[in-house]
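What follows is a single structure, written as structure tokens, with notes after it.
Order as written gives the chain letters A, B, C and D; numbering starts at 1 within each chain.
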Amino acid sequence: MKKGLKIVTIGGGSSYTPELMEGLINRYHELPVREIWLVDIHDGEEKLKIVGALAKRMWAATQYPVEVHLTLDRRVALKDADFVTTQFRVGLLEARIKDERIPLSHGMLGQETNGAGGIFKAFRTIPVMKQIIEDMQDLCPNAWLINFTNPSGIITETVIKQFGWEKCIGLCNVPEISMIKEPAKIGCKREDLQYRFAGLNHFHWHKVFDKDGHDVTGSLLEHINDKDGGTPKNIYQADFPVDLLQTMNLLPCGYHRYYFLKKEMLQHSIDEFRAGETRAEQVKSVENALFDLYRDTKLHEKPKELEKRGGAYYSDVACECINAIYNNKRQPMVVSTVNCGSISCLPADAIVEVTSLISAKGAEPLAWGEMKSHERGWLQMMKAMEECTIEAAIKGDYGVAYEAFNLNPLVENGAVAEKVLNELLVAHEKYLPQFANIIANIKAKGVYPQDKTVQDLLAKGK
Amino acid sequence: MKKGLKIVTIGGGSSYTPELMEGLINRYHELPVREIWLVDIHDGEEKLKIVGALAKRMWAATQYPVEVHLTLDRRVALKDADFVTTQFRVGLLEARIKDERIPLSHGMLGQETNGAGGIFKAFRTIPVMKQIIEDMQDLCPNAWLINFTNPSGIITETVIKQFGWEKCIGLCNVPEISMIKEPAKIGCKREDLQYRFAGLNHFHWHKVFDKDGHDVTGSLLEHINDKDGGTPKNIYQADFPVDLLQTMNLLPCGYHRYYFLKKEMLQHSIDEFRAGETRAEQVKSVENALFDLYRDTKLHEKPKELEKRGGAYYSDVACECINAIYNNKRQPMVVSTVNCGSISCLPADAIVEVTSLISAKGAEPLAWGEMKSHERGWLQMMKAMEECTIEAAIKGDYGVAYEAFNLNPLVENGAVAEKVLNELLVAHEKYLPQFANIIANIKAKGVYPQDKTVQDLLAKGK
Amino acid sequence: MKKGLKIVTIGGGSSYTPELMEGLINRYHELPVREIWLVDIHDGEEKLKIVGALAKRMWAATQYPVEVHLTLDRRVALKDADFVTTQFRVGLLEARIKDERIPLSHGMLGQETNGAGGIFKAFRTIPVMKQIIEDMQDLCPNAWLINFTNPSGIITETVIKQFGWEKCIGLCNVPEISMIKEPAKIGCKREDLQYRFAGLNHFHWHKVFDKDGHDVTGSLLEHINDKDGGTPKNIYQADFPVDLLQTMNLLPCGYHRYYFLKKEMLQHSIDEFRAGETRAEQVKSVENALFDLYRDTKLHEKPKELEKRGGAYYSDVACECINAIYNNKRQPMVVSTVNCGSISCLPADAIVEVTSLISAKGAEPLAWGEMKSHERGWLQMMKAMEECTIEAAIKGDYGVAYEAFNLNPLVENGAVAEKVLNELLVAHEKYLPQFANIIANIKAKGVYPQDKTVQDLLAKGK
Amino acid sequence: MKKGLKIVTIGGGSSYTPELMEGLINRYHELPVREIWLVDIHDGEEKLKIVGALAKRMWAATQYPVEVHLTLDRRVALKDADFVTTQFRVGLLEARIKDERIPLSHGMLGQETNGAGGIFKAFRTIPVMKQIIEDMQDLCPNAWLINFTNPSGIITETVIKQFGWEKCIGLCNVPEISMIKEPAKIGCKREDLQYRFAGLNHFHWHKVFDKDGHDVTGSLLEHINDKDGGTPKNIYQADFPVDLLQTMNLLPCGYHRYYFLKKEMLQHSIDEFRAGETRAEQVKSVENALFDLYRDTKLHEKPKELEKRGGAYYSDVACECINAIYNNKRQPMVVSTVNCGSISCLPADAIVEVTSLISAKGAEPLAWGEMKSHERGWLQMMKAMEECTIEAAIKGDYGVAYEAFNLNPLVENGAVAEKVLNELLVAHEKYLPQFANIIANIKAKGVYPQDKTVQDLLAKGK
């Protein structure tokens, strides 16, 4: 780290990269970056070139002496890295289309990080993450891994607990959005309020206190169904049941809608599905438009349009985290890290998403204490589901994958669960080497995805 | 206990009473009963007279000097009782019809002890059980309470943990049916096999070992979808997913079908609902037929037809339990009792259903140890749901009732959950004094059950 | 709090009061104190007058508009208080002499907050604290209680867990001394190092990290036996076993010497005891000298000599804590607070001493995670001993007091334990109303303290 | 197992072997033994021959067709064994003399299975046990290991948790002696009482209930200090503090005297030590006398004199356990087995000593539930000490060995602890290959046992 930092971004061709560059540029005065390596795979080469060129223009406009490298060779990039950020999507948006459409074609919620789709995103990502960690052990054994590849909590648990890479912090933009949007609702500024988050990634709650230590969670709950309310753009904003939330006296995250308003969320997704407009399909259009902007060689900064993506603030959170580590700030942030008892009803070595102090030694979670019955039941069940997902992903075990499905509240239990499991395995075959034999057996029985859009993707070899 | 036992049965007018009498007659040589008091309420007086007369004829046929008393005055009956059994149903079968039809009318599983209906059965039963315990503290402070009023686990947890009556054991016929039916499937006798059950009432698993200590759970799982397979008569026998069960290597109870085959079970229930033939409605016919038999003054024994009811063996299990306590047998039985760590992922003071030794000092559970992720997640969530149910029932708290609904996997989450909650509150108003104010508010908003059959019952004041 | 703070100090006649005044004066620019009430009992009236006059002179010298009140009427003082600090010593130094000399007269460690003496300090303090809490519930229900009456952890657990006063934080100067003294040993400044403490009051460990997040605990351990090393003045500085500490890789607190070097510490105490110079007796001289200084009406500031007392920095920590609460600083401090899972091997509702963020809502502990076997065993045993102490103190239960003795590693088990227990009960009779009947029985058997000094104190009615 | 059982006894030259033979002979009608292999090491060859010849005569006198084999080749014996019992003593009685005399020479309790001596017995035994398990994995992978080598709980934990051999049950005669001796004290027979044990090997408590389920623990406690009271012969019977025990309402085991009466037990041991008569030295005489008896070729049965040894009933318990496994008896016995939550304050995978049902599938512990503070603190600390002992024994780690010493209540903390640790390492060098380098370093510093008797043993190469 002596002469300046080397930062490596796996999945560097992502449309979010300009936000990451902006974040680093804004912090350059205290975060002396020297080299940025944007890494991507062959299928992402074109996007890497476009966004990489914009990244270079952005830095050039600053006069800061930072080199931006673009490469398809991960090992070259990782050599002596100080920080590695991961924001890749195995199978690109086409895989997300399958994660959404296959469950929906059987009447279940299809979603990128929740339900059957989220489980399969983990199945595809974990084998790749394993290779990345092996490379890091070899090439940059002291580097920090800042993960924001989804499902962020599950991936972080796999990296730390299964692969043994302790210098890993998982990030998400959802808490950040809440802390940006909510204060104004009760006439406060962010610095006037004290936030405490606890739970799992995409399944956490928070409490808020004012300057005098009074709990203002109830006041914020009165605004929970206001529009523009702190929920990421990608989530349909059905109305939360206020009686329930007031009894809990906790603010939910936007993703709780899938669980607490399952019926409405499913109906909305089915409507989109029938219109050929699931979220992935919408995002594809947004991305195409973004890359059209990025191609403009006169563009030297992050375009405003990027904020419309669900992942806004993601990269900003990542830069803030890198900064807090590098400068030993002991700054409160909401991250996925080792529980250490902070949520006492979950295993001490589980990964949880909690308010933590971020410093040079990593994340120190603040202890939350005991959850009440209702929240405890949900968290314990969701964590068990995550554990099954990870075990199935590593072992390529069909029965354990079924267990993950069986526990997941967004999967309908019954014969249809197995159908969806089988179709997803077949549809994602290319990215699931650990399930190769199982998929061969399923295909031998003639199982094939029934959704036409998915069939078309498969026909094109995507 | 000196001169012989006094046994009191609350809900004595139940159609199961002849089985209870038969069980006591068969054990008379080691269980010296002196007095049996059958207690019921005014609405059950006619049934009490019919079944009470049969009970008297049954004992008369034996020459044993046992007095059978019939009464509507619970306090007279409880005075100096040695054993009290509870098998009452608050609101009779009409309440069960509501528990089934209201959820089904909104597309959710309606069931007596699971889902929304099970939660409401607890809401109705707990206030009555509170009065019984108060009477027992006053009149028979050393008596054992043998509960088989459903939901048996929840009621037992309330009696022991909330009302402080430690001498209580909860019973269920489901494990007994498994142990009677399964051995033959693998060419064994019951005494050749060693059974271990663990979980919650109506949500437990078991493992089985042969004489050499080998685990034969897998062999039994091959027969899990055989018909006549150890599932109570009241549960539709959809096929279990075998891959899932083999991964778990645990035998489920019949009630797991509602959770693991939710879609099929719901469809079947909806079909029955549309035909005006939910389980409660079927049971009404069976009961009427049984009472016709009971009226026959030439009948001096339990008629075979009783075994067709879902509750077969219930009373036999109760007699066996009373016998094991009285004679200090240290006999293995499957009962609902204080966890004491036997299922280490659940609270030590929770009530669980586990293989236990029954002796004069009560139930001693055998330690099961750690559950794997999948089973742990289910159990922890279900126990949390039970805790919310009990808290709501005792406090009459709407928000906590909503929490119980929200956690319950058979309740569809969304606005419909609140609809079903409200309709059930209104429909059961007569038996829910703890929710009186809340129900008044709901009614003021014009909420009224939409199902025609339920409307008819309410019109008749039932 | 609107027009300025009202701070009440119970035990205001303590020699530490000038340090408290200095701390408040130094923070006046951000901590707008309006009234300070120094409360003491009749026996402490003279000291209260002397130190109270000095306090008034100190504030007068500042020109700040702060009123200092002296009173023996606790209720008048507590009315509408914002912060209450407790620094009283039931039975004064004479009681401490008994806590030290009686165990030593039987060959056991006699110490103020550890061993048999510490248990009896809790026995005397808890009944008084109960009255204070009752007064506070009545007169200042929103006040914060900042406790530094020893044994601070036990008293804080009693106040929060038994008496239900949640707005309580327990303080100790021991961690502060470590953080002041240690950094220079490895050529650092305090702000360069990041400290993490976890354990129980007077039984905690810490780890230290540098700016780059590297663990420098090992480097500090190399200096653990340096003199002037961060151990309070009152503790004899026998050499720690370095092999043991390096295996633990944790820095002990000074009080660990009593446990890890029991033999040497006992020998040193016996030497002092024989010389008629136990710590309490030394402190009496120091105190007399301090009060001689305080009497000097020309003195307007805290005299340097106060720092020689073992409790140096105590009051400074208290002021810092009040400041962090009042100004919502979310500042890391080491305090006794509710565990909330931060030390996962201890009960979630136990009081532990851990690095926490202090803000308007109180203390938020940082999660430490799992302890290794050795430290876990010690902590669990010590916490159990504390629980027995509290239970015995509240119930006045002899058997449970014996359990506390039996678990305490500084009490010799055998008939001698009972002798010391009995003598201490008799010696402290005046302050142990909850044990009145038991003490009467013991006295009836002729039990009387064997130590001459103690006998003299009792003869004088002290 | 088809044609009859092969039983292998490691340490077959033990003086207890005749009791084992008697036990097997008495159970022959239901336990069809075919071959018994008595295995010993070269140093034990003479004793093996003597006791082996007696064993042969005992079987010959029965006419049962059982072959008794004597061998120094463990692998030949283990081939296809059904049950392996371990009753060996690494270093023979000479090692025990060191375990007793070295601590005593420094004023600490010296004892075979407790304190410093017990820790070293584990250090010597664990490497040998590792080899035995490796042989068993190779030669008899389905055999049951019935361990009664001390410290039995620690060895059983090592075998199951560290070496992964799950088919292991640890035994001890202490609970058996209580159940034989106690009932008569309150005018009962053993079959009238129901015993529940829980704790750790040589550190367990029990409760007793009568036929009506009433707790009679208190009645038995009134006789706790009767002589001939259920304490093994090897333990000096100082009087327990009755007030303490009545508060606990638990019956202690005899070994609790070392902890609860440490001062008296230490004094008694020091007296014996000074007289050159520590327990090991007494046992040597008893053993010599026994072997003189065994040599008598006219002897065909277990001589009465054997019962005077502290280990009486040990072998009987072992035979009963083998019988319960072979005949799938589901019989209650007190054994060391995997906790599985039965003592909820200890790790679920720890080995505990609890009442369990013994059947073909092994031990099923009965759940005990939550311990009160006092007992919980003791147990947690002792278990942590055991964990340190095991870790140190496996890794040969000096610091962790020191941690075990530091936690052990019978080791005096201070510089003397290190002295005793070092002397014991040097004295047992021959049997501690895992500590070879460490011992070399210690010796290089000139450390040498100070006790003359130990010096003599070392001079003779023992």
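Everything that follows uses one rule, which is that a residue touches a chain if its C-beta (ideal position, glycine included) is under 8 Å from a C-beta of that chain, and two chains touch if they have at least 3 such contacts.
Chains and their UniProt names: A, B, C, D = 6-phospho-beta-glucosidase.
Only a predicted model underlies this, so the values are computations on that prediction, with no experimental measurement involved.
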## Note on the structure
Ordered by label, the neighbours common to subunit B and subunit C are A, D
#### Entry: Chain whose average C-alpha position is farthest from subunit A's own
D
### Query
Using mean CA coordinates as chain centres, what's the subunit C-subunit D distance in Å?
44
### Message
So the centre of each chain is just the mean of its C-alpha atoms; given that, what is the distance between subunit A and subunit C in Å?
### Response
47
### Summary
Expressed in whole Å, how far the mean CA point of subunit A lies from that of subunit D is 55
### Two or more partner chains touched - positions in subunit B
none
### Message
Tell me the shape of the graph of touching chains, choosing from line, ring, star, complete and other.
### Response
ring
### Query
Between which chains does touch occur?
A-B, A-C, B-D, C-D
### Summary
subunit C residues touching subunit A in their complex are 194, 196, 209-215, 325, 328, 330, 332, 338-344, 348-349, 357, 359-362, 364-370
#### Entry: Touching residues on subunit C, where the partner in the complex is subunit D
238-239, 241, 243-244, 246-248, 259-265, 373-374, 376-378, 380-385, 387-388, 391, 397-400, 402-404, 406-407, 409, 412-418
